[in-house]
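Each of the next two complexes has subunit A plus one other chain: subunit B in the first, subunit C in the second.
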Partner chain A sequence: MNQSYSTADKQDTRQAQRFSSTSIAVLTIYSLVVLMIFGSRLVSPSLGGLSQLMTVLYLSSFLVICAFGQGLVIMVRGLDLSVASMITLGGVLSTTFMQGTNEGLYFIIPGILLISALVGGISGFGITRLSIPPFIMTMAMGLIVYSVCLGFTEGTPRGFPAPILNAFMQSKVFGVALPILLMLILIVIFTTLQSYSAFGRKLNAVGNNPDAANIAGITVKRMTISAYAISAACSALAGVLLAAYANGATLRMGDDYLLPSIAAVVVGGSSILGGRGNFLGTVGGALLLTTLSSMLSALGVGQGWKTVLEGVVILVALLMLREQVFASLQSMFKRSS
Partner chain B sequence: MPERINITNLSKRYGATVALSGVDMGILPGEVHAILGENGAGKSTLVKILSGVVSSNAGTISLDEACIRPSSIIEARRCGIATAFQELSLIPNMTVAENILLPRASSGRFWPESKASIFERAREVLIEWEVNDISSQSIVADLTLAQRQRIELVRALSHARCLLILDEPTAALPDTSWLFRQIHHLTSRGVSVLYISHRLNEVREICQRATVLRNGASMGTVDLAGVDDEDIFTMMVGHGSSKKKRVSQESSTNGEVLLETYQLRSKMLKGINLQLHAGEILGVAGLEGQGQQELFRLFGGLHKPTSGEIRVGDKVTSLSSPRKALQVKPGIAFVPEERKTEGIFASLSAAANISIPHFAMTGWAKLVNGRIERHLAAEAADQVGLAPRYLGFEVGHLSGGNQQKVLLARALMTGAKILVLFDPTRGVDVGTKQSIYSMMRHFVDQGGAIIFYSSELSELVQLSSRCLVVYDGLITDDVAANEISEERLLASAHGPGNARKDSLQEAV
Partner chain C sequence: MSLITKKKHITLAAALGVSMLAAGMQPAEAKTEDGKWLIYLSLSYSGNSWQSEAANIVKALAQTPPYDETVELVEVISGTDPQSQISDYESMIANGADGIVSFPISSNALNRTVRHGCDQGVLFFMYDATVTEQCAYNVSYITSGFGENTAQALVNELQGEGKIFLSRGVPGNSVDERHTNGAMHIFDQYPGIEVVAEYYSNWDDRTTQQETSKALAAHPDVDGIWAQAGEYGAIQALLQADENRLVPITGENSNGFRLALANEEYQAKGLSGVSAGSPPAQSGFAFKLMMEMLEGQRESLPEDKRNIQYPLPWVSAGDVQLCEGDTFENGCNTFPEDKVPSSFVTEVFNPQLLPELSLASALEGSPTPGATIQPLPEDVIENAPNEPGINCRSCDTPENLYELTTVEATVSP
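For the complex of A and B:
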């Protein structure tokens, strides 16, 4: 009798480990971010304070938004390589439609999101219905979108974002920039959507085991398509905000976000193979990458070395997030307590 | 006689989980030795240690009185230990020949061996082990599950010089006589066999002695001729299992017809007519590959018939997708045979796995968290006898038996009145089987209907209120409850023209 109880106990501890490894992953990333921000005071006395924290939060809001969509796509075993082009599309469309006035903003922004969701939906359609690998499909779609932007603008996007958007990007409430508040609201919504809604559960199931999801009555293809549509819309939203931030669109404005959007998801503890993910981790990943990048810029590190160092940090973060490291960390904590 | 293999105080921990805690046993040369135990007793871990997949934490293994500690499958094979794993380890897109000869698919030293010579060498191996119906040139992915299992076995048989380990070798084999002949062939050369199976009658047929494991420790080795089943069950679970009884003797074909097919045809099926009534457990018997798989997948909405019609609850319907099958009143829930690839969501909790139908069929905006899921899943989990403490576990960490309970609970969650179960007890332990049986009986008592296929005849006999036999894409026999017997089913399963006597001899 005792025997059978003891096996149950053993399995119960295993459960406890599983739970805490996810939370430890998230905690590790956030503590790394905090350490880096305060550590940067050693590098330069102008860094490491509240103002730098605010800058990092502000700059990471664009990445956080794209990384949410990327995270959903990775969740369903895909990869969205059209992020950069969709940001450009969002930026170009917003400056073209708005032409520097506030007129019709209430339908222009939803319109832009809708158009880009449609483009993402087409990628999803190609992937699910025509069995084109996600890699190829989104890359091709990205190229098409970029080329259309290039042709349409003849190389130099004209027009300006709505003044109210410019103002939005610059205003503060109680010393906190509005884009940061927007990001916080979006984080709440996105986390709910990914981890606490039927939609998120279904998406998780699809990524975990598409065949089983199909048998369980989930519309696997529709779910996959919606992940790509959401990803495209998120990138376009980031593009709209970026254009307002920079007071204009450029064709290369999205280039710095494609790889970081993937890195943020993976560093955040999601599985690149799909089926396992957590948006709070992704946010941590985005903060980490933005902090690093702003720190290196402040140090005056050249672009080449900056990229090298970013790559190294991503690798180190990934290695640290391995399960074995957790197991040994946990046993260390247990021994010391 | 000196022992071929001696194992002393073998232990293995995975982190905090103790998988084996002190196993002692010995295997004689030329002996077929069984390992018995419930799921989670440590059988698979023992197999993994012996075959070099994982290393033990403590204890010794000696082979012919020399200590060994295989640290890889290759090393174990060098010692003469070969293993046929429960989860097939063949490479699907390579030929049978290459798979059999791996890891030395090419014998050439400087130049790759010619295809023809590889096929020839593999053909000789296949002939030696009496596999005549599979070409060495066919691609593994094109074979049926039973054929793949035989290839897996042949590979292990041909590599075993001292010890052959068979982990649930008959899980996908409809007929054991071939395997048993090969085992005799092997043991006559003095090779020992370690045989792991849930099927006690098989173990009795082929094995001389058995070691019983419980909670990772060996309970002792018994001479199988000297103990009855009851004693073995007692050693396995610590208490006697209730004697199997035939329940649901009376035919219950009076209930309304929930599912009906008329001249259903597809690639394998040649015109199936059947009726499934409310309150009935309809068994389906058949040798591997007679079309039963396609029939069940058709009901699950995973296959389309080429002609014929399916009536669900009195209306002609096309089951174009699993979702459609679930939606059409009174609902069909399909539980496939392949737990890992088509069943579970390994990294989701058991509660999420069970409650997913609740979210699958409705919109996207419903809120959910772990507590809501556990609450939703509690009733279904209770019906299949899944302990509530497992609900928070990741399903990938549960034993096979508990995973199966999770899948059945999910089928109950759908609210469907028709359950389509393909081999629901494949590879699960005795205790889980009993829970599944009582769930099935309870389900039909509530007015539902079940159609299930099983590769175990005794199970069909025990559960069915009526049993169909499929042979070559047709239903060749419809056996009423009071006439169901293993002999009758076996005879029909070997074809309508088959003399009953021959099949019986083969079976015994």
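For the complex of A and C:
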């Protein structure tokens, strides 16, 4: 009896430590974002204000949505390279089905999410049941989906998103664009799902140690498949929103999101090896990447230097988030107190 | 079938005589087993409206009588890597191609292979982008001065003063460089014009929209935007930042942009500008020229005269006219919103050069029912000026390289 208490105590402290290191990571990333937004005032006096914050939040919303799915996949020790193609699929399906009218929107959007989840599920099936390495499976699936879109549209996606979606992307409530509000709602739902639900805890367990999770009675394969399905659906949702944002779909509309979706997850403090992740960190990562890119655009640096600086900032952010850094910070605090 | 073959033999004989006399070179022969011309359509990549439309035009023409009986068209997509286009060209030459219509990926890297093909008697017709190997024909608008003319149009709209954005194409691309150099040649003459942001939008609507949004966060007081393809995204970004304020924009030929230019509500908010730039119709013109040379209806040109200029489309707000049918008729140049997506590049038609085409040709690559191939006008070839690195190697830059050709300066520097 005593023994079991002591193990529980130990676990608690370990969890508490992990919690605090995660929250320090999240805090660090958000303070970087805030610093950067204020610092950008040096670049241009118009920057650093509310309007820049709104632009950053708006442009981040697409990335935040696909990064959630990517985060779940990375959590279960995988990688989703089909993000770009799934965004294209979402965009192409939405303009094709909607054809510029609001009719049937209530089942079109769930339909698109369902179709894409099915595609993601097939990737998950290949990975878990046929033991195909995740990056090969998702890359192949991405190529197939992209080619089907190319063949289906003959290069020029037709149709328009529903006018109500267009209006949604352009409307504001009290000066806040609706997509930003949608993103905030999704952040609440996603965070709950990833960190505070049984589903999230099970995924975490699978990522930490699939064998142990299996022994503990978690259906590892099913959990993994569902992570890929959710990721595909998230990317497709981002595609639907992007098509409404740009008033039409193009076949390369997802290209700019694949690597940033991975970077946002990793910069946000998740381990690329799986088993550790926090969606709020990912959101911070996405905000950081978007702020950086908007600042560099305003700065007018050449394309080459822009990419170099983006790479450097990602590296610096990763170094700052290392556990050793936290450990030494923590010990410093302890000593000083 | 035998009739056609016979007719072809006669044309072939004519071709033989004419071209042997004219250029003293070995004429091509029809090389497929059924006696058709073997023509390759070599593309960079597929997946954006412009590239698909240009390819569809050639496909539609190749199925329009009499070419449906005389041409075997094979499409090859090489991606964005010059190396793969080189090896694709090599296999086309080895397969006995009579002609290659191509969007070249690089202006220099393909030269050796192109020369090799020319020596084997293969006709090379490049459209839009160019190569510097002189034995290939370059059919392109690039030298027609998109950059400087649109820049001057923007300066005119702004009365010579204001803050502007440059929305450019793909970094490192020679076409983007040529356009931007031409534009900067004009902007630099006006001290009142200040380029406050310059970004690469990869000739894509959505990227243009996002990059313009970012630039607007830093410079909400911008007075005008000089854009390459993707210009429709710039309008969307402006509206999103402030739904009541638009500024003059010059851009390329997307249907959405032309509709916006003619939209009175947008004009009231401050939109004006001009739609010019790269026409997908170049591919069709190149293909028809090549076929006329293959079939002996037109003489081949000497090697230093093979840069052929396609005229620069130029449509300002007042010139926008909606088409009622499926082609450019009665001077119309834009399609209603429900017919094509906003990213559709309108300049697929040319009533003089390509009367065979309709909307279905550009969208699906299908021939227009009842249409037959019409000969090109006799004096259709306009020589393009030499531009080193663009369409020739060891040539001098003409002194009047950035001279205005389409628009006049209404404000003095």
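FYI, the second predicted complex is superposed on the first by the 311 of 337 C-alpha atoms of A that agree within 3 Å, B and C clash if a C-alpha of one lies under 4 Å from a C-alpha of the other, contacts with A are read in each partner's own complex, and residues count from 1 in each chain.
By our rule, contacts are C-beta pairs under 8 Å (C-beta built on N, C-alpha and C of every residue); 3 or more make two chains touch, one makes a residue touch a chain.
In this text, all values refer to a predicted model and were calculated from it rather than measured experimentally.
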{"item": "Partner chain in contact with A:242 - subunit B first, subunit C second, else both or neither", "value": "second"}
{"item": "Touched partner set for A:131, first subunit B, second subunit C, both or neither", "value": "neither"}
{"item": "First, second, both or neither for A:192, with subunit B first and subunit C second", "value": "first"}
{"item": "First, second, both or neither for A:201, with subunit B first and subunit C second", "value": "first"}
{"item": "Contacts of A:47 with subunit B and subunit C, given as first, second, both or neither", "value": "second"}
{"item": "Touching partner for A:294 - first (subunit B), second (subunit C), both, neither", "value": "second"}
{"item": "Touching partner for A:58 - first (subunit B), second (subunit C), both, neither", "value": "second"}
{"item": "Interface residues, subunit A side, partner subunit B - complex", "value": "1, 3-4, 6-8, 10-15, 17-18, 192, 196-202, 204-205, 208-209, 211-219, 275-276, 327"}
{"item": "Contact footprint of subunit C on subunit A as seen in their complex", "value": "40, 43-44, 46-47, 51-52, 55-56, 58-59, 95, 100, 150, 154-160, 169-170, 177, 242, 245-248, 250-253, 256, 293-294, 297-298, 300, 303-304"}
{"item": "Residue numbers on subunit B that touch subunit A, as the complex places them", "value": "15-18, 40, 214-216, 238, 300, 302, 321-323, 326-327, 334, 336, 341-348, 352, 356-357, 359-369, 387, 389-390, 392-394, 397, 410, 414"}
{"item": "Complex contact set, residues of subunit C against subunit A", "value": "46-49, 51-53, 55-56, 171, 196-200, 204-207, 209-211, 213-221, 232-233, 236, 239-241, 243, 256, 338, 340-344, 363-365"}
